[in-house]
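Listed after this line are the structures, all set down as structure tokens.
Consider the two complexes below, in which chain A is the common component and chain B and chain C are the respective partners.
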Partner chain A sequence: MITFKIDGQQVKARPGWTVLETAREHGIEIPTLCFHPAVSASGACRLCMVELREGTWSKLVASCIYPVAEGLQVHTDTERVRNVRRWVLEMLLAACPASPEIAALAAKYDVVRTRFTSHDPDQTCMVCGLCARVCDEVVGLSAIAIVDRGVHKRVGAPFAKPTDICVACGSCVTVCPTGAMQAIFDSVRGEPTTALTQLAAQ
Partner chain B sequence: MSAQAKTGVFLCRCGEHIAPHINLELLEGMLRQEEGVAHCETMAFPCLKPGIEQITQVTADKQLNRIIVAGCEGRLMLNKLETQLRPLELLKGQIDMVNLRGHVASVSDLDPDQKAQKAAKLMVAAVSEMNALHPSSLTRAKIQGPVMIVGDGIAAYPAAAELARHKIDYLLTVPSNDPDDIVDTVHETYPGERVSHDRLKKIVKEGLSNPCATLLVGYKLEMLSGVTGDYHLTFTNPNGETEKFAAGAIIACLDAQFGLPGPGFGHDGVKVMIPSEMERHIQKSGAPKGTVVFWVSDYEIGQPEFAALSAKTAWQMGVHIRQCAPTSKVVMLYNQQMEVPLTAAERAQNRALDILWVPYDKAMQPTVQDGYLTFCNLSDHVEHEILWDYLVLSPQRMVSGQALNTAHILGLVHKHGRFLTGHHARVRPEMVGREETYLAGSARLPCSLQDTLAQGRKAAAKTAEMFHKSAQGDLFVPRVVCVVDPEKCIGCGQCQELCDCGGIGVADGPGGGLPRIVDPMVCTGGGTCAAACPYHALVLQNNSNDQREARVAALAQRLGPDESMAFVCGWGGLPAADVAGKQALKYDPRIYLLGVPCVGQIDACAMARAFKEGASGLLLVGCLPETCHHSYGLDHAWARVSTIKKLLSLCGFDRRRIALAHADLNHPLDFVKTMDSFTRSIAAMGPIPKSLENQNKLDALYGLIRNNTRVRHLLSAGLRRPWEEIYRGDQRHALDYDRDFSKVLAEEFLQQRLLMVFRKAKGPFNLDQLTGQVQEDQKEVATCLWDMVKSGVIHFSHMKHEAVYTLRK
Partner chain C sequence: MPNLSTALKMDPWRLQSGEELNRLRAQIIAGRDPQRPEIIICHGTGCLANGSDKVAKAFRAALEGKGIQAKVMPGIKTTGCHGFCSRGPLVIIRPQGLFYQRVKPKDVEEIVDHTLVHGKAVERLLYKDPSSGDLIFNEGEIPFYKLQQRIVLHNIGKIDPTDITDTIAAGGYQALAKALTTMTPEQVVAEMEKSGLRGRGGAGFPTGRKWRSALQAIKKKGRPVYVVVNGDEGDPGAFMDRTIMEGDPHAVLEGLIIGAYALGAAQGYLYVRAEYPLAIRHLEIAMHQAREYGLLGENILNSGFSFDARINRGAGAFVCGESTALFTSIEGKPGNPRPKYVRSVEEGLWGRPTVLNNVETWANVPLIIERGADWYAGLGVPHSTGTKVFSLVGKVNNVGLVEVPMGVSMAHIVEQIGGGVPDGKPFKAVQTGGPSGGCIPYSLKDTPVDFDSLTAAGSMMGSGAMIVMDHTDCVVDVGRYFLRFLEEESCGKCLPCRLGLTRLREILDNFSQGVGSEKDIEDLTSLSQAIQDGALCALGSSAPNPVLTTIRYFREEYLAHVQEHKCPAGVCKDLITYGIDPERCTGCMNCARQCPAQCITGKKKTAHVIDTHKCLRCGICKETCKFDAVFIS
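== the complex of A and B ==
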């Protein structure tokens, strides 16, 4: 058993657990977006940041991928954590201004406007890759993936065409934290374009 | 694994998603009372590592053999739970999830106590299902013996070479054992590939001469029986005798054939040819002199998807001609809609050889004349004429002749009007996804020689991997597959006709009245075949009809008078409900959702059971029409629903109490409308009045649909077959069929009701008494009784000058 503290509360954990899992087990809330229990954590959205303190020294880590250790001093609601959370939410607001889910989450943390410029007012996807992870790890296919690089990064099917690999199970739509997958889904599933011709009559 | 259920129920608080909305203490208290529940606890997050470790601990301590987690979407989470709990020998089927968050907590405005009541009903139903489960033991699949490579396709040789590399014995059917003969005829199916012929010859030699090989020269496949790992193939040898071979796996290598374009294209085989004829010409008399025009006519012959393939092979042939006869001229004429399928290097070669590519306007079909070809130029819209000495057209591509015959025998043809790609194949040993059938060659889908050779290699590599897995003991039979009880099966073959995965056959022999067997490595667990079996001989193990009935019954008994239930299919209704729950869309809380993998696997008797146990309404929510993931599960559900509707009418109840609906997971708002409209119409109807008479009718309804083999046979016979392109409700006249079927139902229903009267009280009864009991027309009752006497169900005698009837023992 590993013993450490979250927000001053003494908690116990087993090796291999993460800070987020331990906090949730003890009823301490940490907001997340790209985390889903069905798949491995990736630490993409940085919303689950918590502060680790040791004397006068402190650092911020993503709790969903930070393993527990003896004697950690974790703080989930300090000024520094609140501040970085607000920054993350502001950036998310700029990245996906059309997502009502993001807007609602931001409003919960008193973020209602963003100082960053938004490039696409209709964007709902924050490219966290949760959908692609679900497709790979749960469904066992890779019908969708993160394609392109840098600012052009987006979720899509191979060659941006409906693909036969997709079995239209909708797991990606169900997990999507921003509701973006609903729009993308129809461009992934669907009949592949090859129309097939006749077999000869028997 | 004990059959006695000891179920552990784990309720998830899920942060603020479940706990504040549902009174979990109340729910836990109610569930503890239930039969079969050995453990019940509320946890913070059963899905995270701490939760799973806790579940593992409790399961081991209390020897639990069933687990139900009440939390969120089982579609997403079950996989993780099954993987994590596997060391405890808890397998697929023994772990279930109920989506309290998405189906109860977030979708209505009920107070936490009411939601706990609703959750309790759903949970008790799940527990009852677990009690009825007889888990199968984990079976290892054994695959050994030689691999049979059939079909005479060119992909057979790379497949053979790959198997030889893995030191697996194989039987190979070949038209000839001389590699030169084989390479000399390859242009019949793959023209324009002369560049690869040297390499191909090497592969063919390797495949033919390896010590692992047994060659069957000139053998023709006649019959296939058995299952994966234990196939028996019957061949006719060149002397006309029948020979039988055993094989552990089959690789089918089939190539598509070429047909001639229609008369409008002026094909004569001498000057106007298809590519295979041109290549034969080159082989016989060298490269042609003069102007050779390759017209990529795929758009005009109605197969535009193969234009690029035709153009590429034609171009390769053109290159060969230019290289062999530098004075000849080569022109490629193509429809403007096609993209020129050449790589940068090929374009450079094209420039060096000066081969002309000419696009033409798609609006006008080029016209063939003697020595000329008229086409409309794209840039100036002037009609030009190309002069030709030889004209080469695109061929019609099709699967025909021997290849089609072999495909039929192997069960690779399930739907007409298609190439063989994309279908569940008999020769597919594991559920590995649609594309990875163990079929290689252009009959799968027209492709180049390179692709075909790669497919052959891949098929063999996969087979070798499977052999290796089997030898290691790591190859398992899937959990949810059909099994046949040979004692009950009469060999009617309904299931085999309905099965789209090709998993049902007979152990040995041609078919007929022999009991069926299921190849578990091919079965996809769709289960409509099991639901169609007139004798309940076919059972979907770990997901059986008995389990479903237990779940339905437990829920129906607990439903309130204006509440109804709905089966939601795992590909349409359930994801739509999950998405609606995720978005917290509100709908009528009086509907209770039960997830099923496919609505097609719901036996009509499970539907009848709901009404028998007191449900007021039953809805089945499947995928959108024609998008069923298990081929025609949805249409089969329609036929079963319609039967129950007819029977409800016969009982004098409202037909609208059962209905089929369609949902798309991406349109949760439509799903909400469906739920609201059905629930309201049922609530407006009110429950079926509780009376002894009504209960007798409902019992008769259930007894009829569960046990009456005549009705069950008729129902199965009317279901849509995998080869039916369009389904109009029946194969014959729709109205005639419906009337006949209704008549049979009425007849059998009355018999069933009379039988129940006989069974309930000791006879003898006279006609008046019986008529009084069933409240039907006396004449009909008399006819029905006479039928029953004739079929030997009841006994007829005279007592005090009056006819009386008693039940025969």
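== the complex of A and C ==
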């Protein structure tokens, strides 16, 4: 067992756990968006940032991928942590204005307004990639993917062609934290029938 | 390609020891006539772009065609960049060391006739000291060179980078022979630690300490271990690494082999930007020749140590220079930064212990091993030892590549060596560290240029690009420029970077249109802090630096945009108007003819006026006017 402190509270963790896992185990709340226990963590949304302190030294890390270590001093609600959260949420409100899930999460952390104008009022997806990861890692199909690069990243079918390998299992819809997959499911996945019959025949 | 072994009609040399290397070196030098005239023609990218290949062709034709009347036939040598690119194409005539600048093919005949046949200088091609007006004959006497300390660049401009014998004659591979025959790997690492060398690729991590941690990781995980050269150089305005790889590829290679020996690596990689074809070619030639001479590959110098390396072409993205993105790219996957909190020395390429160093860092290694850590640590300042190569670009007279000891002042580099700003006014600021660095204002011109002083000033050393700005550069515009660059280069994985850089830029866009308030400056600052703290890799976390430093040093200029609706530098289009000074206007009608909006009116020989409502603010009139009558307000 590894022991360390989160917000001054002594916690115990198994080797190989992350700070986030440990916090959840002890009922300490840290907001997350791109994390789902069923798939590998990607450290993309940065909502789960926490501050590590040691004397005068301090540093922010993503708790969903930060491995536990003996004697860590983790703080989940410092000024710097709140500043990252606030701006990420404000930007998300403008990036996914049509997502009630995002609005609810933001409101929970007292972010109800955004200073930014939205480029697409119907957008709900924030490109966290959970849907693609669950399809790849859990379902084993890679029927959807994150396509394009940089600021143009979005969810789509691999090679920009709707695939026919989707078996309509709905895992992506389930993991999607913003409700986006529900809306784009059909346009991305293409015609599922052939793959379904193939799979049934196996 | 010419080399000694083919010239002497022997089988390729496979050198069997350090003594053989020395014997070969002595033989090459003895075979040369020190009095033989030699025409050195710079074939760096800058001079080539200005036609130095045509100059070389003209020399060949002149020498062959006419059969010159000299006692000895001059040799022609093409070299890497001499650093004084703004004066290119450069030609140097040895043994005198005569320095000719801006040489055109039509000048060649005169050089051959005057200098090579009659031993006289062609005065109009010499460099004239801008302050004294004196003609300078010799390369070494030119202030631009005299004020530098060229150690890493010492061979560049002297050797032919495609001929290993030239490198060997200049002392190449002496350090490797020394390490292999007189030092244990442990001693090599200890020497590197003692030298104080810090990484030249950006973060300035102590190289010896990195190698030491790799040894510790190897103890835990065993071998293989990999050594990797980061030659992805992607900062706008940076060309240090390109110049080193093009002009002295063996220096990089020799450093890498020494590192491999110290760590017990059998395989190395050189990750080079695909946009650097000449660097890739010269490295390929260098590796091929080094293998032929037994300096790379199996059983190097018959020491029992074997190591080989290969070149990987960069995938073309700026972020691929980031260590973990570089590894995934070499592994054949898309070059995205890895989110894991592990150190590359422990888990780098293919999950193995890996030492990644920058091109210039590797090129320093042979110098340290050959001349000793004490010598090296005596250069520069205590926590930033050695020299640093900078590319000097922007509003500066002597655009080029310079090398100085760490710790000299900014003013020394920009004003003394760089010759200051073209219009003679003081510079406004210098952006160091590329798009992730910061702006150092003129008031801090005495700042010593070393890792810690630059960081204290809010900027950073970065890879060594220095962009000089003058009073016609607007800090808001500069911030937008760098953010647009990084927005395009962001891998898009993490939210603070993918969303945040665009949002920062949008706030700056508002400033450039005169929209905003003091509160927006606070927002810029705290959003910047969130990006610094939240981004996954250093591309994102260092991206706000230009914004933060310009706010720190030029807050007034930001405020002028939104409170007075003025762009003091006259750059932000929405905040400026063009006008014509009737006192100066001669009524030549030139501007009226050029104006794409046709909004300039006036009769011949009477003062013209601009219809500011129709004006596009393209600035063509200002550029066209020979009488400096067009002004911006």
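Following the convention adopted for this analysis, the second predicted complex is superposed on the first by the 183 of 202 C-alpha atoms of A that agree within 3 Å, B and C clash if a C-alpha of one lies under 4 Å from a C-alpha of the other, contacts with A are read in each partner's own complex, and residues count from 1 in each chain.
Rule of thumb we're sticking to: contacts are C-beta pairs under 8 Å (C-beta built on N, C-alpha and C of every residue); 3 or more make two chains touch, one makes a residue touch a chain.
For clarity, every value in this text was computed on a predicted model and none was experimentally measured.
In the superposition on chain A, A:Trp87 contacts chain C only, with no contact to chain B. Contacts of A:Met126 after superposition: chain C is touched, whereas chain B is not reached. In the superposition on chain A, A:Met49 makes contact with chain C only, not with chain B.
In the superposition on chain A, contact of A:Lys108 is made with neither chain B nor chain C.
Contacts of A:Val134 after superposition: chain B is touched, whereas chain C is not reached.
By the document's definition of touching, of the two partners only chain C reaches A:His152; chain B does not.
Of the two partner chains placed around the shared chain by superposition, chain B is the only one that A:Thr174 touches, whereas chain C remains out of contact. Overlaid on A, the two complexes show chain B and chain C touching no common residue of chain A.
Listing the residues of chain B that touch chain A in their complex gives 15-16, 44-45, 47-51, 53, 73, 75-77, 79-80, 257, 259, 302-303, 305, 396-401, 404, 408, 413, 416-419, 421-422, 433-435, 445, 571, 575, 578-579, 582-583, 627, 629, 665-666. Here chain A touches chain C in the complex through residues 41-47, 49, 60-62, 65-67, 80, 83-84, 86-88, 91-92, 95, 115-116, 126-127, 148-153, going by the rule given at the top.
Put simply, chain A touches chain B in their complex at residues 13-14, 16-18, 21-22, 24-27, 29, 36-38, 134, 138, 141, 164-165, 167-171, 173-175, 179, 182, 185-186, 193-200, 202. Put simply, chain C touches chain A in their complex at residues 317, 339-341, 487-496, 498-503, 506, 523, 526-527, 529-531, 533-536.
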